[in-house]
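Look for chain A in each of the two complexes below; its partner is chain B in the first and chain C in the second.
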Partner chain A sequence: MSARNQEIEVKNLTINGQALQAEDGTVILEAARSIGIFIPHYCYHPKLSIAGCCRMCLVEIQGQPKLQPACRTPVEEGMIVSTDSSKAIRAQRAQLEFLLLNHPIDCPICDQAGECGLQDFYMMEFGQHKSRFAKEEKIKRPKAVAIGPHIVFDAERCILCTRCIRFCIEIAKQPEIGTKNRGNHSQITTFPGQQLDNPYSINTVDICPVGALTSKDFRFKIRPWFLYSTPSVCPGCANGCNIFICINKKHYVNLQRAQIYRLKPKENPEVNDCWLCDEGRLSYKLVNENRVLQPHIRQDGQLVLVSWERAINEIKNRVQKILTEYGPQRIGALASSKATNEANYLFKKFAHEVLETPNLDFLKGLTGYGDDFLIREDKTPNTRGAIDLEIGPGAGGIGAAEMLSPANPLKGLWIMGAEPTESYDNEQVNEALASLELLIIQTSNFTASCQWAHIILPSATFAEVDGTFINYKGRVQRVFKAMQPRPESLANEVILGRVARAMGYDWQEHTPAEIMRQIAAEIPRYHGLDYEKIGDKGIQT
Partner chain B sequence: MAMVVKDNNGQGFLEKIYIPEIIRGLLVTSRHFFKNLFNIKQVPTIYYPEERTEVKWGLSPRWRGRHRLTRKDDGMPRCTACMLCATACPSHCIYIEPTESADPAVEKYPAVFMIDELRCVFCGLCVEACPCDAIRMDSGIYSLTEYSRANFLYEKDVLMATERGYKD
Partner chain C sequence: MEKLLTKNIHLPDSHKIETYRATGGYKALAKALGEYSPEDIIDIVKRSGLRGRGGAGFPAGVKWSFMPKGTERPKYLICNADEGEPGTFKDRVILEKDPHQLLEGIIIASYAIGAQQAYLYIRGEFNLAIQRCEAAIREAYEHNFLGQNIMGKYYSLDILLPIGAGAYICGEETSLMESIEGKKGWPRIRPPFPANRGLFGCPTTINNVETLANVPHIIERGVEWYTSIGTDKNHGPKLYCVSGPVKRPGVYELPMGTPLPEIIFDHAGGLFEGRQLKGVIPGGSSTPILRPDEIQVNMDFDSLAKAGTMLGSAGIIVLDHTMCIVRSTLILANFYHHESCGQCTPCREGTGWLENILHHIEEGHGRPGDTDLLIEICDNIMGNAICPLGDAAAMAIGPAVKKYRDEFDYHLTNKQCLPETRK
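Here is the complex of A and B:
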């Protein structure tokens, strides 16, 4: 560490009278941020190249006749910077007035209102001037243009900071947009015959400091000030990008149920920097739609709604019947790479102790497009976790492929949180499942295989439980409970505990944190881990 | 500092013995009673519901009645579904579902606009918050009566069909 310090030169400077040190090459804006001085900026983004085109960040540097952009002026020894001198403040105010010259009076219909850079600076801090430009004189530009499958563009609101252009070139590596025309008439546009359509396109909505780019999916659904964020991990693929789950907690007229409105990237330089892919970002829908809301039992070919007591009682009788009539070799258990480690760990214990079967495995879920940036081919968040927990057939047991083939020897099968047709041939699976005497599916959403189920148990989704996922690199990361499960659904581990107790086993009710400690004690790789240590940034194992 | 208690400040002996004061008070009451009894026409009491305030005196234009939504010239709601009223509302009784308008210049309008008048405390904050003069409480309707609670959820069509309640 000390050797590194010697290599990198440290500069001493003063910002607003506060002395500080900054590494050579740091720009003034970042140096100021490190001591808590905020310099207003639009075009600067820490993860993109520097454009220096919005001129919002001008600061006064002693000895220099003109104001300098703080976002692209590196610190120098003995520099004396002031961000609040009358000259700098006048410049900020004048610059905001320029940016707002042709800006429409749109905030009531603009989706950005509430998290808008213009609103923040203009109304709250640096502007507060009266407009000297009549509404009628403002230049009219195209509004609400769909420039991609996920993005709507409003040219009037754009302040031409070019963040979106730089994002497409530098991060998404698919240049699809640019500026056309000059001066007053400059405008962001897609290249002829192209769309803003790359796997990461919705990030442009996040980085657009104003309401020029809005997300088709989120547009108008709710105002951002009604949303509350909980840190979590994206369930979309094995990369495990860090996210915020945004849900509404304010229910007006009691008509609105708590639900997820969007996922936002959470910064984590080790995993996803501050980006998210579009597919993962839209993966929250499974939490809102098509949920299993109550236990179901099949009676005379029909699924009927029943209470938990009834369902658990039924499970107890029918599982015991299979165990006594055919023996544990004829029952199978399938966990899932979509479930948390806590649920999978308990499921393994459940299979061994309660079902007493060696036929245990996990389902791998869908695979699809992957690239060398964030997106992985494995579309489930916890394959690595299931492998590390050694969820697999025991001595004399059979694996998932065999369990789901028509020639399987099984009479009963318990599937938790997975859909077999995602990983195996549709017809074979259907044939295998149709021949079962007892199929218990523990799931949050109705899936294709539910048509064969004898008992369906409603479980909670990743947004409704505490737990951990392990990404493809072996990084253990926590998902936090963002909302209560739907009224009748329960976390996977709670369901397993209840069934085990009903079947006469002395299982304590454990919190996910306690289960994690058990995992850490049992699996050498995770020795000494607990929720405190994992924190909200995760830990590499 | 010690506290000084002044008792019966400025009262004379007659006041202190109460009886003459009680008689004086009763005389005031009785005077009004008999005056009204023989001049019943002048009594300010309104015999609601046969008589109505708005007919007898007219409502003050500042008076806050049931909400209404104003319309643009083309009959569409002025409301842009900005949700500022719902944000300002202390009783969370405004429910709005915005939707995309076919006209990009309008962009957004409320598909559902609902006020739970039973929860409303008629504070008027929604009217003050609205940047578009889209919601007003000048309908002059003060008597809200329905046969069921559910009927008190006033929807967009009802709110938009209501006209301004008074002529100035």
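Here is the complex of A and C:
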């Protein structure tokens, strides 16, 4: 027997007549799932402890007089399970009827409609349910209670599966909620004087199988069945949690009407399991709010809107002027740990070839709260990438700190995708920027330093481009373009290419995938990598 | 039969240690610590056939033998004195009148399973019992029956007296443990079983008051003597509680397996004049009711199981012909609805629904089909809940509806009670 076989014992069993093998310790519910048999369940969640309280998953096991909960009964050798015997089906129907007894069935005004386990069942599986319990007698309970900054609770819809409670204890490690009262008066409640405000609270909305917990941010905005999801990576910190970006409609992907309505966790056991932090989840707002939507040029102290053509022309003239009058030592270039590797890579090339300057660095962005679960102190998604790409001063060049100090020798500065005051002292930065002859800021959103900019170029956000981020552990992960860039804004690498060509350089237009291959060829750590290999789960380097 | 469990209760100051010792108390403890190893005691109790008096009748010695040996983890003994089952008031007699008998049993049992900490979890409403147990524990410490090196031997035990806060469900062994741990009284799912992971996650044995009160007698007088009392596989003395319209309601100590009619008609003196027997709930409210034609049964675990019901807590509730079965079933449904912990779906929702329907029938606005619906709901709860409380509700209600179906249907048709049961 091989060592592997000794480690993991395999059990042979039968579910609904189908023979299968499952590892020792697997519960029946998971074993069934592995062969495509779905056992209804509400309280069971693969990432939480097992409560066994909803009793939806009862199955018949030959030789056992009582039905057993599939969610907590491990497989055994020779076990014969049936999930569709008349006894099991009867029990499932009975539990469903019990659960609906005091349930308001207000699907038309419920945010969960369309992704509700309860609705799915009574509508789809068991046919239209005819209530044997008078509607007027249903227990009245509080509805639409704000139990935390992000969460609204509807006690009538709650089926007391306790997933939210277990999440707070086991995952968020902040027990803020529990149940009060007994019997059918039981109710989820926050503990006295507390609210559901742990940094991960919105995950409870994801795992609530019904519409009892809804997100304040998302509720009533749109029906979930309209939403279209694209995989991506959260831009909120260096952890690189995997997400889905949900926009309003599939065919809006290429239209300007596309809007992000929410971010959802995308399961990746290597990074975030199936969780997101609240801050990261709400970080999509930067895509919708305060966007720079057209190039700007400062004229007589005022920023005015101009065409791309005009902006690039202006850049060409003014950059050339600085280069000829002062030389490349007097111009600086700052990339960003918020930008993709593809953008940063091209920016480095741009600094070397077009600006001809050794004064290159990247801005590190904000730091803040971090913990030992997901949230990192580094609030940018790609610091590791910028380090690996060696975005830093060349021979004789100066770094970001020097560039942004009042004593800097610079006449011109090009900043891509970052806000200097996030990492450096406000006053010093202002003084440094105010003294410049030319400040070009390539940015997706208006930030404080735009007040000093001579030229502002609208760039696309993470949601509007293809590219890669590298998380703090060195995992390369792809972001996928979930929607077209907002009007007039362009991906960073597209902007750099256009400017380079305008200034007479023979730069080809490269797709992000092609740029990645160049990176892989150049940086030993990434040898052999391409988008296909990275896939949608990422690769540890 | 010679009285054992209740032999002292009529003595003045029966609850005091002097009285208890004057009648031979704590001799069994001396014998246990002096002559027997813990394994010997487990073996003796096993052979005595002592079955748990808390309801399920599980052999006590076997339960004790499940405790893991040679573990570094602390072990606990819990005495379940939550006595909340309607119709049951037997443990209370021991707690109030002869607490030392119980303490002696607790100490011997703790010694047998290797526990150095015992808990006596007592129902919060039992004011007198709490006072008496507190005093008894103090006395036992003073006489070195508790504490360090008990009776000079190499065995030490401490005991705590947690007080329940008024939940029937906290008499269920695992929610009782949650309660001691300071949590909400929600039963745990088994496995793991308490012998492996019980109180604070450590090996724990839990026994009923009456079960433990039997132990000193077994140690003192031996297995042969003990097994001579009672019927086959149902040995020893048993406390029966009789309530309802009988002439002498109360607690009766009789051999296990005493016939039910003998208890009701001889010991409890029969029904009030002019009353006819309508039914008997034999083992506390959770056990299926027996019709008058079914009461020829011996009151032990196996005979009652054969009769389709249970010995339970031996709380015999007598109903006479003036009592409305719908109303009495409603009262029980109300109880289970009120006491359901709310953790699992069938019991949480089912008990409320049962009460709702029974309420309608009793109030005269039941709907056709309600009788069948009641039975169906009970069937849907039975066996599908996390703990036995759900089953208990189903057993208290389902059989009553089935066996007195005519009376339920009479309510549905006539919108009122049978003439003889009207208030």
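To be clear about the criterion, the second predicted complex is superposed on the first by the 528 of 541 C-alpha atoms of A that agree within 3 Å, B and C clash if a C-alpha of one lies under 4 Å from a C-alpha of the other, contacts with A are read in each partner's own complex, and residues count from 1 in each chain.
As a working rule, a contact is a pair of C-beta atoms (placed from the backbone, for glycine too) under 8 Å apart; a residue touches a chain by one contact, two chains touch by 3 or more.
This one's a predicted model, so the numbers in the text were calculated from it and none came from an experiment.
Participant: In the overlay, answer first, second, both or neither for which of chain B and chain C A:220 touches.
Facilitator: Touch partner of A:220: chain B, not chain C.
Participant: With both complexes superposed on chain A, which partner does A:10 reach: first (chain B), second (chain C), both or neither?
Facilitator: In the superposition, A:10 touches no partner, neither chain B nor chain C.
Participant: Answer with first, second, both or neither: which of chain B and chain C does A:434 touch in the superposed model?
Facilitator: A:434 contacts neither chain B nor chain C.
Participant: Which partner chains sit in contact with A:305 here, chain B, chain C, both or neither? Use first/second/both/neither.
Facilitator: Touch status of A:305: no partner.
Participant: Does chain C touch more residues of chain A than chain B does, or is it the other way round?
Facilitator: Here the partner covering more residues of chain A is C.
Participant: Taking the superposition as given, does A:19 touch the first partner, chain B, the second, chain C, both, or neither?
Facilitator: neither
Participant: Should A:179 be classified as contacting the first partner (chain B), the second (chain C), both, or neither?
Facilitator: After superposition on chain A, A:179 lies in contact with chain C alone.
Participant: What residues on chain A touch chain C, complex-wise?
Facilitator: 50-56, 58, 65-67, 69, 72, 90-91, 94-95, 97-99, 101-102, 132-133, 137, 139, 159-160, 178-179, 181-186
Participant: What part of chain A is in contact with chain B in the complex they form?
Facilitator: 107-109, 113, 142-145, 219-221, 223, 225-226, 250-253, 255-256
Participant: Help me check something: in the complex, which residues belonging to chain C touch chain A?
Facilitator: Residue positions touching the partner: 167, 169, 184, 189, 337-346, 348-353, 356, 373, 380, 383-386.
Participant: Which of the residues in chain B come into contact with chain A in the complex?
Facilitator: Going by the criterion above, the answer is residues 80-84, 86-87, 89, 92-95, 98-100, 104-108, 114, 116, 119, 131-132, 153.
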